[in-house]
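Below you'll find a set of structures to go through.
Next come two complexes built around chain A: one with chain B, the other with chain C.
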Partner chain A sequence: MQARTIPTGKNHQECSVTLRFIIRRLVFLVLVIWAASTIVFFIPRLSNRNALRERFGELARTGGFSPADLEKIIASMQQQFGLDRPLLEQYWQYLHNVVRFDFGYSLYRYPSTVSDLIAQSLPWTIGLLLVSTILSFIIGNLLGGISAWPRAPRWMRSIATPFVLLTGVPPVIMAILLLFFIGFKLKWLPLGGAYSVGQVPNLSWGFALDLLRHQILPALSLILGSVGGWVLSMRGMGITIQGEDYVNFAEHKGLTAGRIFRDYYMRNALLPQVTGFALALGTVVTSAIIVEGLFGLPGIGTMLNLAIRANDFPTIYGIVLFITIAVAVLMTIVEFLYPLLDPRVRQS
Partner chain B sequence: MNVTLVHSAVQPHVPMSIAAAEPVLRVRNLEVTYYTDSGRAKALDNVSFSLKAGEKLGMVGESGSGKSTLALAMMRMIKPPGRIEGGQVLVGDTDLMALDQEGMRKARLSRIAYIPQGAMNSLNPVMRIGAQMIDAVRSHLPDEPKPAVEARCKRALQSVDLDAGVFRMYAHELSGGMKQRVCIAIGILLDPDVIIADEPTSALDVVTQRQVMETIDNVQKAINAAVILIGHDMGLMAQFVDRVAVMYAGRLVEMSSVREMFTDPKHPYSRALIRSLPSLDNKGVFQGIPGLAPSLLRLPTGCAFHPRCDSAMPECSTARPEAQILPGGRSVTCHLFDGEA
Partner chain C sequence: MSTIALAPSVQASIERPGKLVLVLRYLRRNKGLAVGLLILFGLVAFTVIGLLTVNTKNAYPLSVALKKPPSWKYPFGTDFFGRDLLAAMVVGMWQTAFIGVLAGGLGTFIGVVLGFTSAYFGGWIDGTIRTVCQVLAPIPVLLIQVVIAGSLDKRDVTIVTMALIVVLLAWMGPTLVIRAQVLTMKERQFVAVAKLSGVGDLGIIFKEILPCLLPFIAAAFVAQVFVAVFAAFYLAVLGLGPLREPLLGNIIWAAQSQGAIFNGWWWWPIIPSIAMILILGSLALINMGLDELANPRVRRTE
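Coming up: the complex of A and B.
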């Protein structure tokens, strides 16, 4: 029998453990993506609705061709999209396409592919959602950390309180309030759109500034509402950590206050928050639909919203699947980061 | 009668050089009060003592008697609602209580080091041991070059019998005894004048306890620091310290050489403590001390120990005894010895 914690000669062992961990996570990731795509494949086929029939029926009603031709058109389209073939064959073809990020054609914006639509709208969403999620993570944890730090001055510890109060305000209301007061009444910032009407996207400072001005209100409405959540969970962690022996011993060692705060207190209190961050990434999309819609930003949320209204099934499912994959990948990345942050996780 | 002369004469086990030296640590009238919702609790009441370089003092007493408060007060680490109300802690000629925040920060570890009670959790779980030693040195000697700092840390690890490889390890990879040694190594990094070890062996098994105590003994001899050892374990203490101080309800009730304490305890509380130790002669018969330690919020009048004292006199419940220096240099805070000073 070999003891598990022999300090010498463990490098080899540690390496294979790490490798096993990575492989296991990657296999799990593939499984998640497969499950998500399978659900996305079967759910529309469970419903009685036929997207083609609805779309062409609508066209037929508004005129253009006779209802008699409708059946023929639908039949030929069914054949073109491969909808007349057996379900399993369709499923196999579909999986084959998903692997190549081919989600098919958009019905509403035919002949654009769903991948094209996603590629167009994705930068907007990443620019706003990811940045504001990261910002509110940083701000919230810093404020929460300070608010539970007994050695911080009282005024510093109370900065976090208003943010906690704002947690109860849903992003919609927050966005409307910001729009009304800052955009409409005070006219400090534009009311909506990704950039000013008449501007042509280019690589100049003027355009970049204009772009930034348009992102401030949407970002604020996302950040103001979510900082409080981070503050609360971080404060809970902080209260536990500040009483830990190693924080006290750090002070006994005569370390400067800043170093104790950073290396001994925050570093440890942040560990569970990283998991929280991975979970928060999952809710990013929900906020995207609301906030992008309200501010008229051409992101993934808006695209999804439009697709739903237009019964554009391939686009809906393409976007949903894409988001699922993106969140799963991001979470896996965070999970790979975690052992780097906490040495104790590395061995178990 | 000349007290100091007799003092050095009756302590043959203390080398003359030490006995004659100036005290390196002088604690004078130290007072700490906790302001709780249910009232003021005086956790340290007029505590005074001094230690010479190389001397080891054992501090014993029940839980809540003020041992740890004393250690924290000397480090100026009493947290609200506690407050240091007065007194001096002189290390050499520096009064720690008079230093500013930054001065006190620098004095910690470099003049007066603290080896923590819960060594199990006293090391940062996400930093390598080496990094935690380096940042301790760096915050006091910012100009020392990196190789010198590292050499200093590895020397400290060596002097507590730890492998240099520990430098690259994390706390969770060490055993309890090893963690406690790391804490000791950190404590001696800057050759402090005074080391306070707060129950350094409380969570360890007996074999490790002995090893850790021997480690403390060795490093203390190497840097000739004054050591205050806090703990309940009288037996363990008897083997390692030169003098023993007994605390009761925030007061120092008796302080004497370890031999005198074990052969001829003076204060009724010390007597009861010594009596309560199991011995080979009276197997199976344990004598506890009747009653409970008093609440600091409602201390008995007069001597705080009088309700539990077997030789209480009428005056004990009315007049507070003051510390008496007996012939021989030991100090006792009890009315029984009022006439003898």
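Coming up: the complex of A and C.
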């Protein structure tokens, strides 16, 4: 437990270093969010597509109003959304709105705003992501650590190999294979949806069980799709750690193998994995989106899928921007947590 | 250059086996690379033989009977829109390879140029390139590509635009990798000697540093092809690809839209999935193998 000794006498210089680190990360975070917002603002305006015209053209075709009215409606809408003002003014207004998480109105479900739609679907996505990411991080690192641990029994070390082979299989394809084999062939688990058709969401055990059964396959495809990466990187870390002096020292001190594995080997090998965790967040979220869409869970991914199918541009841009900001913020938080986990980083 | 002249004479005194033998011997040690290359070779053979023997017109809608399960006539079955999946696989595989090589090649090229400029010249150029890469790095690239592809007119989305969309945001990885390698190369003695003997900047870059970096560039290229193939697949599965083309992701998107697994047409999404696993798996294995070749440190620990 030598890692727990926290330096008590924090001098002035150390404090200012920490402060500078925090400020630098925050400035960087703002820069990332600004860059993402700018890209999402300018790309659609570079293309020749007019979302309003397409949407109302669609409405006009299904009946209702004449083409002359169509032009009038579009003109008034553009004025209302400020699309007729100079580009820079629009850009400034847009940045203002982004800061307040205001991504405008959904074209397809007009009265609701994009933020409403995100708020509705976010809990589903967070639930799925939280469970699958944590499980795959734990399983992957444990397997990776064991596979590189020279004193582990042979069969335990070879357990990791099939998971390494999975690294080439993205979660999307894993989802399709699981759907086919477990959902369709074996009929063990449902093929999609958040809960069985005809069920009304309520607070009973039966409903909770039904909900859970529908979440297993999506979570499993995310876990199986990402666990191999953790196994690989953890094995690499483990190989470098086991030659370190402090591991040798612990062995010569006569500590039990379990103690060395837990406190000397895993603890130190895990630290860089936390950084890897921050870096992997973006990938994890993008795969969750597509897996959700495949299973028809009512999360953000399905919302994005529907928006793409319906050409609902504000929703597409809003969701993308929201996820980007969320990932950037989470990464910064993990980076702030890092010095708390690793005293070496804190002191240098 | 006179310093290098010593090396060949030393090497000549040791009997060396032929190049092919050496390559095969190395492949036996580096099993991942061997398996990856073998799968890739199989896929290329499938595509080439397929392009020569299968009627590629059948890869497009309404050309064969609908919804037939795999049989002797249609080994991979046919889909809801009347596409022969065998022909669709052949064409889709070719298109996937095209996107991968075009986008991967362009991305690697941009990365090599930027990485070299950044590391070799340093100063504010290095600062700018590095900052841009670092700011863009945390942004989920695939989502920005969703925005780009979604903003395009559906008629403008072709195989080539797919590749260009993919490459637009996929040059940061190779830039940082090459930059780091050039930075370590720059300090080596042979570069200093070349500089002292009056070799110009371009001479040093092309004659001294670039040849040493070839394994890294090859590894970066394979990694980029992987990224490009995956990004194109991702966009296509979301329905943002060129919808008429039998790109592997498009087939899965179409199968999903028609509820293929619900309806029991299992071969429709499963066959392109298996093809994708083989493609991505072989690229991942080759990439890992090349890493081992390029990084002696990794080689030693294995």
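Note that in this section the second predicted complex is superposed on the first by the 336 of 348 C-alpha atoms of A that agree within 3 Å, B and C clash if a C-alpha of one lies under 4 Å from a C-alpha of the other, contacts with A are read in each partner's own complex, and residues count from 1 in each chain.
Going forward, contacts are C-beta pairs under 8 Å (C-beta built on N, C-alpha and C of every residue); 3 or more make two chains touch, one makes a residue touch a chain.
If you're wondering where the values come from, they're calculated on a predicted model, not measured in any experiment.
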Message: According to the stated criteria, A:Val172 is in contact with first (chain B), second (chain C), both, or neither; which is it?
response: second
Task: Compare chain B and chain C by how many residues of chain A each one touches, and report the one with more.
output: C
Message: Looking at A:Asn305 after the superposition, I want to know if it touches chain B, chain C, both of them or none. Which is it: first, second, both, neither?
response: second
- request: Could you say whether A:Pro343 touches chain B, chain C, both of them, or neither, answering first, second, both or neither?
  value: first
Message: Just to be sure I read the superposition right, which of the two partners does A:Phe249 touch: chain B = first, chain C = second, or both, or neither?
response: first
Message: With both complexes superposed on chain A, which partner does A:Phe28 reach: first (chain B), second (chain C), both or neither?
response: second
Field: Which superposed partner A:Ala269 touches (first chain B, second chain C, both, neither)
entry: neither
Query: Do chain B and chain C land on any of the same chain A residues, and which?
result: none
- request: Give every residue of chain C touching chain A within the complex, in rising order.
  value: 134-136, 138-144, 146-148, 150-153, 230, 233-234, 237-240, 252, 256, 261-262, 264, 266, 269-270, 273, 276-277, 280-285, 298, 301
- request: Under the touch definition given earlier, write down the residues of chain A that touch chain B in their complex.
  value: 5, 7-8, 150, 244-246, 248-256, 259, 263-264, 267-268, 271, 341-344, 347
Query: If you look only at chain B, which of its residues touch chain A in the complex?
result: 75, 77, 79, 105-110, 113-114, 116-118, 120-127, 135-136, 139-140, 165, 169-170, 172-173, 183, 186
Chain A residues within the chain C interface of the complex: 28, 31-32, 35-36, 39-40, 43-44, 46-49, 165, 167-170, 172-173, 176-177, 179-180, 183-184, 191-192, 236, 239-240, 282-283, 285-286, 289-290, 293-294, 304-305, 308-309, 313, 316-317, 320, 323-324, 327-328, 331
